[in-house]
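A, B and C label the chains in the order they appear, each numbered from 1.
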Amino acid sequence: MNLPDIIANDLEAIRSRKPLIHSITNLVVMNETANAILCLGALPVMAHAKEEVEEMVGWAGALVLNVGTLEPDWIEAMEMAGKRANERGIPVILDPVGAGATRFRTESCKRLMESVKVSIVRGNAAEVATLAGLSAEIRGVESMSAADGAGMIAGEFASKTGITAAITGAVDVVCDGKRTALISNGHAMMGKVVGTGCISNTIVGSFAAVNDDPFLAAVGGLTTFGIAGETAAKAAPEKPGTFHVELYNALYAVRPADIRANAKVEIQGL
Amino acid sequence: MNLPDIIANDLEAIRSRKPLIHSITNLVVMNETANAILCLGALPVMAHAKEEVEEMVGWAGALVLNVGTLEPDWIEAMEMAGKRANERGIPVILDPVGAGATRFRTESCKRLMESVKVSIVRGNAAEVATLAGLSAEIRGVESMSAADGAGMIAGEFASKTGITAAITGAVDVVCDGKRTALISNGHAMMGKVVGTGCISNTIVGSFAAVNDDPFLAAVGGLTTFGIAGETAAKAAPEKPGTFHVELYNALYAVRPADIRANAKVEIQGL
Amino acid sequence: MNLPDIIANDLEAIRSRKPLIHSITNLVVMNETANAILCLGALPVMAHAKEEVEEMVGWAGALVLNVGTLEPDWIEAMEMAGKRANERGIPVILDPVGAGATRFRTESCKRLMESVKVSIVRGNAAEVATLAGLSAEIRGVESMSAADGAGMIAGEFASKTGITAAITGAVDVVCDGKRTALISNGHAMMGKVVGTGCISNTIVGSFAAVNDDPFLAAVGGLTTFGIAGETAAKAAPEKPGTFHVELYNALYAVRPADIRANAKVEIQGL
């Protein structure tokens, strides 16, 4: 089966199985990520109290963690939920929002990656570079093309941690240490709406709930979200408010045939 | 006065009196529920700190509690606000989001119903069944039609607790132990947007602020919201993002004459 | 340089320098204010943990504080962030949401204004009157025209505190104790969407990040936001859901030439 067929099949699986995606995420994007999950065809739930996260994760097909607007109690809840997810064998996806911007965020991400088996980290190049310990060398990255830089960072992160890296940007890069994918779907308007990075993480989480291979799940999620972004941008050129609305419409409307027709993924090492 | 006239009059009363609706609600739907209240014609306020909830509820025409994304401090604040609402004689509406999914949510709802005089509980069939102690028998419900099942659950809940039950679904059911209403307004697209259940609760709360009869308030709120949903679905078929936007437009635009023309409510026992 | 030119230049400066606007704000408007900042051309970040606010404010061009949905821990974080902002010499803008409605909110605002050097307070007339100690005399204000009343309140607040007052309403009033501006831009539909006051505060904060004069920053922010509101209202008359979406489109689309053509600002004492 070729890659677009795998992604298309996973999209169908999400819609028929409707996995529950448990998010412990930041206060800025709660509604938006929940609506994106629902539009895609999975079911969202948000719960962050230590009194209930372990029980809630018991119903989930994937756990999505996001460290934007973090507080200490929330990290503890993320650890508890993550450990329970590991016991159950469901995937844990981490969005290291702002890693590198403050020590609290960087250290919270590292703590989570140490105490919980994380399947996929999805972030921007600077965030993933910080977690790969590349902050000192990061200046050099700027002289590479964006995709080459992201590829280097994703490779370094994956080989050091054993966690699949998914770096979003003009070209998205996914690397699990052996395979690397370059995804050219998406649109610049996605950078004009707050939380599209966080949303991409939940789409990846939804794919991970139906595909045991984190590399394929990350590629499937980012490709599907990128295609939805292209559709939304056609409906709302240069209008970020309308684009935001159209993004939900597009996630709801995207069909397996759209994936097969429009996926722009290049794989190295498969 | 017939029922559609009562609802239409209550809608006019909301718009002329503009009651303040104090919500202590979940982090996912704060903006959305506040905007729905404002579009309907009431005034929203959100406040959850123990330092101020009692004082804030002093200005309110109704108190709306919602246990999604609960934390222990928030339950205490809900209890404090609820007791003050009881002292003032204003209605308390409870949305038991996720009751049955975790013990923390189930027990928090029960604690609230014990320590506070709640006027209306608005939830889905599974949530209200849990609070009615019907979880063991819930399987049997699945063999009934959805409306018959919800009717049985609502009746059981209302007779056990003395609280008006409002169960939303394809057909909404309201029961206060004596009277039962079946509301056929609404649209399937309402299930494609996160938080429409929570929004329905705040609309019910707005009606309860102007109508002392919890049964009539629940019927009025759900009928009005269902009619708004039908209007929005006509404007945005199969587009959940656009539908979400149109729902606010429809709540703002709905007129007493629309209620009289479009209400589909069947009453038993009136 | 005349005032519309100053505002137009500041708008260009925001878009070329892209200052980071650090908000510690209420739970109802986090997504909406972040998107407004991004649409205008600045960069939003939200962080409220005491563990990171001081470090985060180190990256910022302005700090925006908002006391809606306040908790004690958040006030402490606001104080820490505010003191660090003062050390760095970046402006602090305060939105006293609900001052006067509860003692907790009133006292929290006063505490912040005592421990932190605030550049601008942007609120409605009742909130600013409360902080100016005018609550006893506030009834008399009602017999004045709205703009005259707001002008009196803004003047009193500014002369007592040395902080620039920006009062939004049908006519916005800005006063720094010496100069007073009356801004007639804006549209009544802005009152039909929750959080437009909070958004106006972040727009003012974005202007303050590029203009050292708090009076000019407040006038620039409110004029620009008012013009965006007028554009959005043309696109979505009497439709608050659609208007909300169009407001982001308008903030993104507003050009310096639109400011020069449409600013309706009258200055006294310049």
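Basically, contacts are C-beta pairs under 8 Å (C-beta built on N, C-alpha and C of every residue); 3 or more make two chains touch, one makes a residue touch a chain.
On a predicted model such as this, the values are computed, not experimentally measured, just so you know.
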Practice problem: Could you report, rounded to a multiple of 5°, the rotation needed to superpose chain B's C-alpha atoms on chain C? | Solution: 120
Practice problem: Mind checking chain A against chain B and telling me if their interface is mostly the same residue numbers on each side, over half, or mostly different? | Solution: different
Practice problem: Return the distance between the CA-based centres of chain A and chain B, expressed in whole Å. | Solution: 34
Practice problem: Could you list which residues of chain C touch at least two other chains? | Solution: 27, 31, 244-245
Exercise. Report the residues of chain C in contact with chain B in the complex, numbered from low to high.
Key: 26-29, 31-32, 68-72, 98, 101-105, 192-195, 238-242, 244-245
Exercise. Would you pull the chain B residues touching chain C in the complex into a rising list?
Key: 27, 30-31, 34-35, 38-39, 44-49, 51-52, 55-56, 59, 244-249, 252-253
